[in-house]
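The structure appears right after this line, and notes come after that.
Labels run A, B and C following the written order; every chain starts at residue 1.
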């Protein structure tokens, strides 16, 4: 028997050196490529492998690049519009599924999961086939030219929002609603005065989440975008195909930054606890 | 009672979590075949003490010697102790038989012996009909029995029970207490139980240690702990007690109290200044009239509060000198209650020999 | 349509219709189009003949396409397996950390998920390519050893004498698996973590107390208990891996294509939409199969697992 003095409890896994090494090594590997990308966006060298001093010239280049700017403004427009539509659809669907029981409800629930679970590429090609099948006109005018992408985005984003808001609703204490009715509130007043304030953090989070998902999407956009509707990820894709340049690093860093900031707020609003109203 | 061999020897055990000292310099000896109970309020460190013995926590200082073997370098899985958890911790993915066999299989015991031992234990806990059920399908009391069986089937030197009955409802708890005592007597295994329930501690254990803030206040047999406690804390923790305020006059061997005047302490050997007298409420009786018997103390008072418990009534009595005492009386007759109305005057008395001298 | 609230129908219709209509028009209907198309046949550049034949499916299960399909499944399975092996210790470590460290670690695991898939794949290229960081670091080490050998007059031993040959880390199956792992491993960690977070820690203590060591506790207690999480993780990793096309497109070579690349080609360049539709539907069928396996499993074991698993009784 080894005569080593025991130092910690057997289930104190955080003190287990193997687990610790694996976990931290994993995190480093997870972040190394991204950190590398961000750092080398400031590198003063085309070759992009050896550090040659700090520069922000690639960011200037990115901001001067009209095509990239157009792609970015397309992305923002698509994200804003599809966020608004998705939040409205998601919110109404969530409240409907939460409060009402109806025929085939179980299947409606399942159907809402489908856009989320099928492979993205299937979603993309089905939208492409759909727009082609009904001969969706390819508009030349600016916001309308983005309509196909917006529709495709809403189709996979609004079910996600519905699920998030519904899970939030499922922890709402029903007795509070009954108390509201007992004190003389009408149904619409209950929704307005109790349910919506309770959902406010979740709605803000969903709003940001929808925005991020739309801004971030490549696969579905790739199949539904036309020559007049290039988004930032699609543009990055075509740039990547031509090789590695510091500009890609710079534009990627900008996109990562936007997404990290909005994610921070998503987490902040989703974890905001409204204890008084939950079960 | 014959002294058995020491089973577990705990020396100057210390364990802290951050700034809080959970176990503070605890030393204990637990003898073989004892039903040892650690009694204390929640958060006093009693569960931590149990987990230190099992090896699930490791002490900062001190040593635990099980059967003459220092355990400071023996990990939990090699210690000859087994635990019954408060949540029972039955493996939900294994049926009852597999749960009970879990420890035996790990010890590479021949399959024939395993079957034999599991059979015996199933008879003991009367769970033979349930062996292929899963824990989720059992009731609380049944899970409790399986958890116990899973521990004792390994023939441990000591079985550690961490508030095992706290999740059961009152009637079932009393039934299980009796069963625990029977199993312990039949198998002659040392049991060490942790509880915050005084009645449970008194009714099942052969020895009780009272713990507070990580320290052992007093260790005693269960009857002595109730009738002859040494410390004021343990006397107050274990049931209700009337503390008689006053002070010791050491030279004269007299206790001077405001309520009962001077009380003779002759014959008591360990008298020191810092002591109080106390009397259990049920030792005080209500008298019809004063008969100045030897060694009896009398007091007059008025009932100010009365709580009815069916078999007993708990009375608060304000004595003539405005001090309060508590009395527990048995309701011997159906109309006993009528005589114990609030506001009624009565005469109470107790025997001097029932007085307990306590260290503060 | 009975429910607790009065004035139900107006409110109900108002809430139901927008979502339902959108789902039917812009999801169910497109899927039906692809489904029908998968039984059709391409006649000319834009014309499709819906003749309800299984032609496309036969084609998919023959020759090179079947090989690609098979390879996609193999690559996705290997990736899923590697994710599993890495995810379990990481999830264990996270779930046993203190509250503060736990939230930091969790956000660190989640954050990459929110970063663009394309950007993350691109960031890997910079590391893996011939003149990437791994190869240049190796080259540096190689030359440093050479110099050291020269300095010690051991150059004749010819160990490091040849010029450095960069490792082929890109444009092969290894790169695809690495890329898929890198992108999808958080999806394995999170469900396993969620299960670990909910179960009764006393079960582990009971296992040690009954004589099991770390190894035995892991296989006899932890593994059976986290199986629901593992299954969720497998679904969340396997399905996207199977349908991925950017990662093989950017990291894989000419001969390391996956099913996603073929689908993309049918729709974008080869213009054989019916065949692409059939391949897409094969992916959807596989998704359904994987999910129904999980459903059957949870039905079979719900009695013991789901009910008795997490709550302390």
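Some points to look at:
The rule is short, and it goes like this: a residue touches a chain if its C-beta (ideal position, glycine included) is under 8 Å from a C-beta of that chain, and two chains touch if they have at least 3 such contacts.
Computed from a predicted model, the values in this text were never measured in an experiment.
In terms of C-beta pairs in contact, the better-connected of the chain pairs B-C and A-C is A-C. Taking each chain's centre as the mean of its CA atoms, B is the chain most distant from chain C. Work out the mean CA point of chain B and of chain C, and you get 56 Å between them.
Centres computed as Cα averages put chain A at a distance of 18 Å from chain C.
Annotation for chain A: residues 10-11 touch two or more other chains. Touching of two or more other chains is recorded for residues 55-56, 75-78 of chain B.
Counting partner chains per residue, chain C has residues 205, 208 touching two or more of them.
On chain C, the positions that touch chain A within their shared complex are 1-8, 11-12, 14-16, 18-20, 22-23, 26-31, 33-34, 37, 86, 89-90, 92-94, 96-98, 101, 105, 107-112, 114-120, 122-127, 129, 131-133, 136, 182, 185-186, 201, 204-205, 208, 214, 239-240, 242-246, 250, 260, 263-264, 267, 273, 276-277, 280-281, 283-284, 287, 291. Residue ranges on chain B touching chain A, taken from their complex, read 55-58, 72-78.
The part of chain C that touches chain B in the complex is made up of residues 200, 202-203, 205-213, 216, 220-221, 224-225, 303-305, 307-309, 312-313. Residues of chain B that touch chain C in their complex: 51, 54-56, 75-78, 81-83, 85-93, 102-103, 106-107, 134-137, 140, 143, 150-151, 154, 167.
By the touch criterion given at the top, residues 1-11 of chain A touch chain B in their complex.
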